[in-house]
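In the part that follows, the structures are each spelled out as structure tokens.
Below are two complexes that have chain A in common, paired first with chain B and then with chain C.
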Partner chain A sequence: MYIFLGCTTPMKQYAYELSIRAVFPRLGIEIVDMPDSNCCGTPLMGVNRFYNVYAPARLMAIAEAGGLDIVAPCNGCHLALSEAAFMLREKKNLLEQVNALLKEEGLKYSGKVKVYHPVEVLYGLVGVEKISSAISYKLPPLKFACHPGCHLVRPSHIGRPEKRNGKLKLEALTEAIGLQTSDHPEKYECCGAAMIPYSTDAAIKTVAMRIKKFVEGGFDGVTTLCPYCFDMIDGKQDAAKTITGDRSLSIPTFYYTQLLGLAMGINERELGLNLNMSPVGSVLEKLRR
Partner chain B sequence: MAEEPRVGVYVCHCGVNIAGVVNVKEVVEYASTLPNVVVAKDYPFMCSDPGQNLIIEDIKTKGLNRVVVASCSPRMHEPTFRKALERAGLNPYLLEMANIREHCSWVHEKQPKEATEKAKELVEAGVAKARMLKPIETVKMPAVKRALVIGGGVAGIRAALDIANSGFEVYLVEKRPSIGGNMARLDKTFPTLDCSQCILTPMMVEVAQHPNIKLLTYSEVQSIDGSVGNFTVKILKKPRYVNEDLCTGCGICEQKCPYTVPSEFNLGLGKRKVIYFEFPQAVPLKPVIDRDNCVYFKKGTCRACEKFCPTKAIDFNQQPKEITIEVGAIILATGYGLYDVKTKMPEYRYGLSKNVITGLELERLTSATGPTKGVILRPSDKKEPKNVAIILCVGSRDEKHLDYCCRFGCVAGIKHAYYIVSHIPDAKVTICYTDIRAFGKGYEDFYARIRSLDNVQFIRGRPMEIFEDTNGSLYFDVFDQNTNRLIRLNPDLVVLETGVVPDPSFEQIATVLKCSRGPDGFALELHPKLRPTETSVDGVFIAGVVQGPKDIPDTVAQAGAAAASAITLLAKGEVESVPNVASVNQDLCSGCGVCEVVCPYTAIVMEARNGGRVAKVEATKCKGCGACAAACPSGAMTQLGFEDKQIIPQIDVLARGR
Partner chain C sequence: MQTYAQTDILEAVRKVIGDQKPEACYQCMKCTSGCPAAKVSDYRPHLMVILTKAGLAEEVMQSGIIWACSMCLKCKEYCPQDVAPFDVVTALKNVAISRGYKPPEMLVGMANSVLDYGYIMDKPMTITTTEFEEVSRESLGLPDIAHPKDIEKFKKFVSSFGYRRLS
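For the complex of A and B:
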């Protein structure tokens, strides 16, 4: 399948890209870089509703021409593509407008392409059982908090990879490699990333509230599969300490694909584990075989 | 036709409604030139007494035998003019209305010339049809002078008592073991704070003792056949496993029963025995054995209740009983259920956190007959809550959930704040509201009184999500629109004033009755303002929340009105068929059955004839919708008053063009 990386992952979340490229092929998922791609359309949402749909529709049309499905590792990209697919299914005239424009490039959107998030690839296509058997050792039962990120759950009416009721797929996957998971109160709350361009202060205070709950909950670490959430939780811990004055705001943070890669015995540099900004050292020590 | 048509045309000014746009004189002049028109006149208000007399006089003196009234919609005044014809000794169905108001002057306000031309055409079309009209005789059938009330809440109780007190027999059917409905669950009623059971139970006892009321509890309506005046209803009486004639209601069985399960009446907050009374004031005061949980039914042992019953009333062999009754009128009072916030709104943690409860559950926690004997204790640790948050509009007025207002949540929430601070004086209550809708009589005073309390705080805002911290405590943020601030609350009990939906049993009853429902599932009244107790089915009336959310005063008022509607029907003692019924020419009928399929009122049955089958119309069930006449491929089905030879001349005029 095509991998559509979007902007955030290749610009500042190489660890996510590295760990996906390391893990997926070893689980039998072949990934091909998406040719001639463009922005996923999310930044256009409040600016131009048409191009907000056209941009992701073009990506799906390219995939359709190549005959492959798409995996979009970023929650924002995944939502943009899914929402566009939803709107093009609901609104016939929008579909006609989009296709008229795509025709200039010899492309066509017909809705054939499936758009996956890594959590759907791992839970749905690979499966928890295959993951349990693919790992070379079980990680120790450290207590991890799973943070799905808002767009994995919302808006529910268009169908999202995760549901609010019951256990998350991400939690089942985390348990499949030996770790423990536990509920935490603000599991479905905003990481603050959306506010960064408008009010950095509010954004940092928001992620500080999330980090505080991870610390209070006695978690050994946090795992997510969203580059925005990861950037906030992993990368903004020092800022959170400075702005709130709370020195306790510190929690080791990992991409789930990094944890999975570890359990599969993959080299740590290949998983980008040297790039995590949160203090992962002591937990990593325990996670190593 | 033996008799030559003599048509009179009467053009109404409707004040300036018609005459302000249409040149009425010109229309009259044109009408008088039309074939068979003997007289054409205009008058400022044709529906007024002198207007009607004008028509009656002309019928008598000029020998008119057809009348065309050019005025408003037939929905408005067709019955008025039909009565005028009747008074003049003419068959009332020899009338044709030309709608030159709604269909002409009102919509062509700015084109008087064209409107006048259109009015002329409409009148001409009316005359063309009127010339072909035939008298129609309606059928009168005796009505069974007995009523059925479905649902034993306060609406059903009030309606049953009113009908019974006027001298008619009435069946009251309730699916639960006792009547009382949701009102019996309440501790107090707003705004007067009278004890709910104290005002309700005397009415319940009156129902039980009334000679004209036959009370069928623990019973469900299975099927309803027939039509207005003559309904046949099958009711299933579920076995209580207690002989109601022998049982004295002493309650020894309940004391001796060794097993307990969660109580439905207390919404799962307390326990009840397996043989139980729904609540201490239950009517009838007869216990019921919960077969699914009874050890005797599961394992064949125990029989403690049977052993200790002093009157030998326990009967484990009781069977379900089907009862068939005949009634002339039906009142639906099936009441309401709460919106399923547990599965639809997981963000409010109802069902996930023990200390998030509904307003109805708080009623049980406050009631002296409730699981805590009237001491408000929070479910998790049975401690008194000191910091309570009450959230209004949970699921209501929300485009993602129910878009309508529940009409009692606001004042119920205010009352719940009163419960807390009157029971626990050092407690603090925060009410998160959208708008406070305290519209009923005395509600505003009550709101002002509670709002002025020091320990009750009102925040205008809806919380987004309630969190349960790792130590089990609840917290949430709410944006206060009045102060533009985000406020964090740490309540130890959260009360959700949940939205209201029709009781699930209503859907099945509405389906068997073919009674129209609105988009939200509530019964659709015949007219939202003028006919609020009638449904799309003649002889079926509605009372209480089955029609839409309402508080107790409105429910009781509507129940009285529904009873009056039913009494009117029963007192008259007969029902008249609608005039425009379908009529089948069985010689032309091929027996294809298309009409039977399209009929929404099951008024057409297929019967055997000459070795084949033909359609037959049951005139009392037919509503004259015309679906069968339009669908019939062989022209065998006609609708009286809308026969082909009547409407084709009318269409010819309108399709002629100019």
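For the complex of A and C:
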């Protein structure tokens, strides 16, 4: 399948990209870089709402021409693609408008392409059982908080990869490699990333509340599969300490694909484990075989 | 300053793509009670909706507070009236842009970058590892990012539906 990386992952969240590229082929998922791509439009919804339909439709039309489905590792991209697909199915006039534009490039959107998030690839296409047997050792039962991120859960009426009740796919996957998961009060809350253009201060205060709950919950670490959430939770801990004055705001944070790769015996550098900004050292020590 | 109800804004909000139904709001404030942006700023989704509904959104657009929304979509998910406050505010942002109100500086850069590179950022960043080594996509062995193959054409297409360079 095509991988459409979006903006954040290929521009700065290299650990996510590295760990996907390391893990997916070893689980039998062949990934091909998508050509001729553009921003999905989610961060620009407020600037031009139609762009947020045209841009993902263009991406899906390119995938259609290439004859492959898409995996979109960013929650925001996955939302843009699936919401556009939903709208273009419901609204004929929108479909006509979009296709009139795509036609000028020799493209056409017909709704054939499936769009996956890595959590769906791993849980649905690969499966928990295959993952359990593909790992070379079980990680120790450390307690991890799984953070799905808003757009993996909402808006539910268009169908999202994760549901709000019961166990998350991400939790089942985390348990499949030996780690423990536990409910936490802010599991479906916002990381604050989208507030950054308006106010970095407001965004940091928001993620500080999330980090506080992870610490209070006695978790050994946090795992997510969204580059924006990761950028906030992993990358903004020092800023959160400075802004709130709370020195306890510190939690080791990993992409799930990094943890999975570790359990599969993949080299740590290949998983970008030297790129995490949160203090992962002591937990990593325990996670190593 | 005298304030007049401006029903044209309400009309413009209705026309933007989305599920917004400001007229259905009965001000239960469920949206605001769960809003992450309301906890850290003056943003209150129920006020955005009622002011839009009443035709008083001009000041809201002027103040810039609409840009505080964190896009978590909780208000849209939980509204008992299917008002979709998120979509009301997104529509207000679109109307604000078309009327020349300035969005946050960083968003201006992101929006303009799409016209030049196809993405909200112009180029990949150099980052520092835990061993204080500087790394780039290239040094990590990652392939080049695929941009729109003909950026001029891409710019032409997106301009055709009113996506303009912001200043």
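Here is the rule we use: the second predicted complex is superposed on the first by the 289 of 289 C-alpha atoms of A that agree within 3 Å, B and C clash if a C-alpha of one lies under 4 Å from a C-alpha of the other, contacts with A are read in each partner's own complex, and residues count from 1 in each chain.
As a working rule, contacts are C-beta pairs under 8 Å (C-beta built on N, C-alpha and C of every residue); 3 or more make two chains touch, one makes a residue touch a chain.
Computed from a prediction, not measured in an experiment: that's the story for all the values here.
Undergrad: Check the residue A:218 against both partner chains and state whether it touches chain B (first), chain C (second), both, or neither.
TA: The answer is first: A:218 touches chain B but not chain C.
Undergrad: Touching A:165 in the superposition: chain B (first), chain C (second), both, neither?
TA: The first partner, chain B, only.
Undergrad: Is A:189 touching anything from chain B or chain C once the two structures are fitted on A? First, second, both or neither.
TA: both
Undergrad: Looking at the overlay, what does A:111 touch: chain B (first), chain C (second), both, or neither?
TA: Neither partner.
Undergrad: Once chain A of both complexes is superposed, is A:5 in touch with chain B (first), chain C (second), both, or neither?
TA: Only chain C; A:5 stays clear of chain B.
Undergrad: Just checking: does A:44 make contact with chain B only, chain C only, both, or neither of them? Give me first, second, both or neither.
TA: In the superposition, A:44 contacts chain C only.
Undergrad: For the overlaid complexes, name the partner, chain B or chain C, with more touching residues on chain A.
TA: Touched residues of chain A are more numerous for C.
Undergrad: Which chain A residues lie in the overlap of the chain B contact set and the chain C contact set?
TA: Touching chain B and chain C on chain A: residues 189.
Undergrad: Touching residues of chain C toward chain A in the complex: what are they?
TA: Chain C reaches chain A through residues 16-18, 36-37, 39-41, 64, 66-74, 76-77, 89-91, 93-94, 97, 103-107, 110-111, 114, 118-121, 123-125, 127, 129-131, 135, 137, 140, 142-143, 145-149, 153-154, 157-158, 160-163, 166.
Undergrad: Which positions of chain B touch chain A when the two form their complex?
TA: Going through chain B, the ones touching chain A are 343, 346-347, 465, 467-470, 475.
Undergrad: For chain A, which residues are in contact with chain B within the complex?
TA: Interface residues on chain A, with respect to chain B: 164-165, 184-186, 188-189, 213, 216-218.
Undergrad: Give every residue of chain A touching chain C within the complex, in rising order.
TA: Within the complex, chain A contacts chain C at residues 5, 7, 10-12, 14, 17-18, 21, 33-39, 42-51, 53-55, 87, 94, 101, 104-105, 150-151, 154-156, 189-190, 192-199, 201-203, 205-206, 209, 272, 274-276, 281.
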